[in-house]
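Same chain, two partners: subunit A is paired with subunit B first, then with subunit C.
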Partner chain A sequence: MSVHSLNVKTGAEAALAQQFAALSPSEPRRAAFAAFERLGLPTRRDEAWHYTDLRARLTEVAALAPAPDAARLEAARAALDVLPRLGGMRLVLVDGRWAPVLCDAPPSGLTVVPTPDAPEPDEAVVALNIAFAEGALRIGLPPGESSVEIVHLDGPGAIFSRLEVFVPARARATVVERFEGATGETQRNAVTILGLGESARCDWTTLIADDAALHLETRRARLAGEAALNDFALISGGALVRRQLDVGHQAASAKIALSGLSLLDGTRHADTTLTLRHAAPLGQSREYFRHIVADAASGVYQGKVIVSPGAQKTDGAMKSQALLLSPTAQMNNKPELEIFADDVVCGHGATVGALDPQQIFYLLSRGIPQREAEAMLLEAFGAEAIERVADETVADALRERLRAWLKGRAA
Partner chain B sequence: MAAVQETVDRVRAIDVDAYKYGFVTDIESERAPKGLSEDTVRYISAKKGEPEWLLDWRLEALRRWVTMTEPTWARVEYPKIDYQDLYYYSAPKQGGGPKSLDEVDPELLKTYAKLGIPLVEQEILAGVERPRVAVDAVFDSVSVATTFKAELAKAGVIFCSFSEAVREHPELVRKYLGSVVPPTDNFYATLNSAVFSDGSFVYVPPGVRCPMELSTYFRINEKNTGQFERTLIIADKGAYVSYLEGCTAPKRDENQLHAAVVELIALDDAEIKYSTVQNWYPGDAQGKGGVYNFVTKRGDCRGARAKISWTQVETGSAITWKYPSCILRGESSRGEFYSIAISNGYQQVDSGTKMIHLGRNTSSRIISKGIAAGRSQNTYRGQVSAHAKATGARNFTNCDSLLIGDQCGAHTVPYIEAKNAETVFEHEATTSKISEDQLFYCLQRGLSGEEATALIVNGFVRDVLQQLPMEFAVEAQKLIAISLEGSVG
Partner chain C sequence: MLNVKNLSVSIHGQPILDGLNLTVKAGEVAAIMGPNGSGKSTLSYVIAGKPEYEVTGGEVWLDGENLLELAPDERAAKGVFLAFQYPVEIPGVATMTFLKAALNAQRRARGEADLTTPDFMRAVRGAAASLKVDPDMLKRPVNVGFSGGEKKRVEILQMALLQPRLCVLDETDSGLDIDALRIVSEGVNALRDAGRAFLVITHYQRLLDHIKPDVVHVMSKGRIVKTGGPELALELEKNGYRDYSEAAA
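Let's turn to the complex of A and B:
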């Protein structure tokens, strides 16, 4: 990340400095904020933020959300009661803080401990997260099979959360992570560090269904040999969404599948930026992203596959497909390959276009009205992405969400 | 056994070290004083007897340039260039300009003959009419000869050196110079605007199909000299021209700088086909020496249904930084980019294109084939963007990379930006090595490893080779074999 030449702080940067000065943070958090001040908010000039100029877009910084009091927790409990479950054990964070009173009793082998440890920040958003989050929550999943639902229930204000999740060797975990409750006054910054032990498998599905003004999500995942990660995200809410995933493997034969579906309308903006690091031989990666962009919304997809020297027999395939539904919708794609090993097969494809008039015509000629025909095609387009989700209950919920979004658009 | 021996000879002959055009011509030349200042610019301008407006234009560019910083975003690494340690003008000494080919220094004619570019207007050879090509030969900073000028003039086509165009057709030069690549465009283009020395100028009048291929052959000969040529091609309404550019340089231990600017303008219904076979000296096997090729090439489809097509075969240069682009302004205009970029040894290539869709129903096509061998780095960097008003824009991009050996790198960095729904963009890219299955198939049919590789590579780049004018396709095919063999394990 390059340091931009403008030394003048923006209003938002100054406000963040003021907020931080009012805290009494630990040494690692101080170091993190110093790192942030050095880096500044990312701009177009930072290659990884080319299409999402956070420095220009973040004009106002929300006040830090206070630790939830009894009343807030009670309100959260009421909200959770009506939220249908999508996974096994439910873990809840309210306004970025772990809320043990709202969580299920952890089954044996599963550990949840708050931890102050912070990794060295090398990126502005992560640096801010470390500086402002009050420690991380470390979740050690049990050996064997497990199913966890992590709910972020967020109110207004600036919310910072950090999770460290570890799936032990040969375990099989299903995780559903849901972002709920946010409104136009919510600015969220969530970081997840995920580790997979040897031959472990993890199916992780993220749902961004609420409407935060700002949703920044960073995920770093490291896989041991023969581990497999299947990650899916549905973005159906949020005014400014940025998901940045950095996934890699150091030992041979890891399998990485990242996929997602973005549903964008109004003037919303969603940016999915991936970095895949194949640092060992025989790795496999599959990226499959679909975007439906309506109105004056804009979508961004950036994917970089890095194959290090020695990561022979890497098999990588990446695809990003977007449907633009209005003359003012925008889509920016940047699929990158960076390859330093010769015995590899890597490819990427990116398409941008409107709905196929021939397909519409076919449906019209069968007596289906225009709007319905469009919705039908869009549903099929989105459903193909959702097919990557292994868990049927979760997949059904995602399809339901897709239909609701299409219906809301038609209305 | 003869075939085996032939293979061995060929492999030996084609190492990076065995750059065939590496000789130096011993010719007296005069140079501008070393370094870059307003005086250098005035010296160049005076040497060329330029009008006041052009000198002002150059000085303006120089003033701008000193405030600019060198771009660093490309994936290339090289020691910092000392721009004050270069000669910005070097010309073979000769009294006045040659009036005809007979007056050109025989030493120069010999040089070009050695390069395989005979500067003679051979008409009919042994009863067979050969395809004729008009050549403008640029030696260091000046154009030394242009062939077939009279015949082209009959068709109304103007083909001459840039300096001559400034003298003879100032109104055309003034109208179009800098209108596609403004002097403020980028670091190297601005530098070029200040110190450009010569280059080719082509104007094809309305409705004229240029009767022969036009070609410019660039040669850097002098030591420590930068070559900064400027090419301007204008195809007026309904005109057609096909243009080819070739380049070589002697082997030297120091790096040489080449920063050219090419501007193409196609008006309504016009078509320009621009082909490059770039074979500057790539440096030796240890990566010492070689040409830094920092080039700005851009075409402007200014009129409706205009078409600009770039074809490039890039095999030379230590460093290539080059993005031939199309601005698709005219309604239903079309841009094409076909590229083969081959890197071997320690070469670094960062090349690609930009297709900027501004007008309605514009279309573009990008076919890029990168081949990396040895310890080279080969990057495709391309941008396809559709403006909000460019409804019906269409693009197809295909970029494939082939890796030969495990010390090289191949990279793809496409930017695909759609700003309206009536856009259809398709992009695909693959990276792989030569398939074992294909190799095995060829081997069991009795081909040697070298032959099999050459066959597969030629198949890999075929889409692009087909776009080259026939005479050059053969040359390019040989060049590909030359750059690659020896790297095949």
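Let's turn to the complex of A and C:
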């Protein structure tokens, strides 16, 4: 992490300082902003941000979105009414704030409480989140089976939200997290801290389909022994999207699957950067990411798998595959392994290519027109990533989004 | 039906076809035989419209249509079908989805309505049964994990379903055991019709024991060098292609 104390503040950094000065925040929030000021906005000199120079790209800072008033909540309710459900219990945040009046009554065992607790402000985006978010929302999922849909319904402005989610031992949770409503005037910074108890299982699917100018998302997950996390994200909207994941296990035999599909067109940019930490033996990790990059869009995948000295018998496999649909589309794929144990099986593969002309010709030769042939192959490519999603209703919704995106491209 | 006039074709600057002339009449089964490298597969690809070939001269007509002016999908809608020597695997696309897309795309191109799902299912099941294709196989991705024989049977199944006017079979016998060869040939024979023409490209005579040609053309160095009846195939089987290689030189 480099320090820019020698540099002059950018306009955006100065604007953030001004915004923060107008607040009357708690001591931990002040400490977080001080940490941010030391770190500065990340630049390409920070290895983790090499392909997404946030300092250069963030030229204007949106005004902080105000806490939603009655009219805003009413509009949110109307928007939610027409949003088909993808999970059981619906939890709603409007402009980053918990909106209990729009949530379902929690079933027994599930708790949702605001908390001032915050993680260490060890990284610029997280530090900003702690400084500006009005606390976090702590969600304790019940034992046994549960299904939750978390909806972030965001309007214009700078929006900060933080969730702490805990899946207790042996529980089985399905979570769908949706980012909705954002426009070109939305700058979002969302942090999720996820904990899985022993032998817990969590299927977490994230949908980023709205059109934020900036979508910054940080996910930190820690798994206890024999826990299993299956995390999937669809990125089909947003001008500048950055997902950063830090996932690890401290006890033996955890299973971690991280996967996703990015659909990029226009001049959109999406960066998925993840660190996977095997700190205990017998862990299994699977990363599987696919990217379809059209027009002058750009995609980034950086995946680092760290196997600590004690993490013997780790079984890891990472794959990131991109299809470029135009000569001006770009993809930066950077898989990395750091292995400090000697008895492990770890591999990675990254490919960047175009649609296979032999497959296209075969479809054309059967009478299928060019655009339809391309759409069939792209749908198949994307659908293979969506196969990682266990819940069929959610997977169907994702396939529907994929088809809609392809249709929008063809139109 | 098919009229190839003085066709010259190169790939990556390398000439393959050199002023080829060929006519196939409606209702006719024409065999094209020839040594490896004589340009047989190139001819089939150029008729179907494969992009990397450069036509440097000549014309290809299907009845009143100048095929060289049409995109491959338009040619298919006009009734051209190529049974591939190496059918292409398409992971993630179920064979059923592919068949339906192809059939309906051709119907739309001809101004016909899409087939209803029950009508489509009936047509596929009928074709699958006659070619001994397990209907479960059609739920799998196109050609992925199919044996050589299964791939060829599914090519003929597509042909039966799409009902083309001109069927080009490129080395359909390659990779087939004797039983598969018989099933595939029966599938082809069942489609023989006064309104349909076949161009059967093969290196070996054995396919022509099952699909009896009306005419046999011998190809060498990018041209048709001899045309005769079915007996010509038998003669080639006995004497090999050596005479014809020299004839074109």
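The criterion applied here is as follows: the second predicted complex is superposed on the first by the 408 of 411 C-alpha atoms of A that agree within 3 Å, B and C clash if a C-alpha of one lies under 4 Å from a C-alpha of the other, contacts with A are read in each partner's own complex, and residues count from 1 in each chain.
Rule of thumb we're sticking to: a contact is a pair of C-beta atoms (placed from the backbone, for glycine too) under 8 Å apart; a residue touches a chain by one contact, two chains touch by 3 or more.
This is a predicted model, so every value here is computed, not measured.
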Touched partner set for A:A380, first subunit B, second subunit C, both or neither: second
First, second, both or neither for A:C103, with subunit B first and subunit C second: neither
First (subunit B), second (subunit C), both or neither touched by A:A31: neither
Which of subunit B and subunit C A:T328 touches, first, second, both or neither: first
First, second, both or neither for A:D342, with subunit B first and subunit C second: first
More subunit A residues in contact - subunit B or subunit C: B
Subunit A contact footprint on subunit C (complex, rising order): 48-52, 71-73, 75-77, 81-82, 84, 87-88, 90-93, 97-98, 101-102, 105-106, 109, 141-142, 158, 162
Subunit B-facing residues of subunit A, complex: 47, 50, 309-310, 312, 322, 324-354
Partner subunit A, residues of subunit B touching it in the complex: 73, 388, 391, 401, 403-433
Partner subunit C, residues of subunit A touching it in the complex: 357-359, 361-370, 372-373, 376-377, 379-381, 383-384
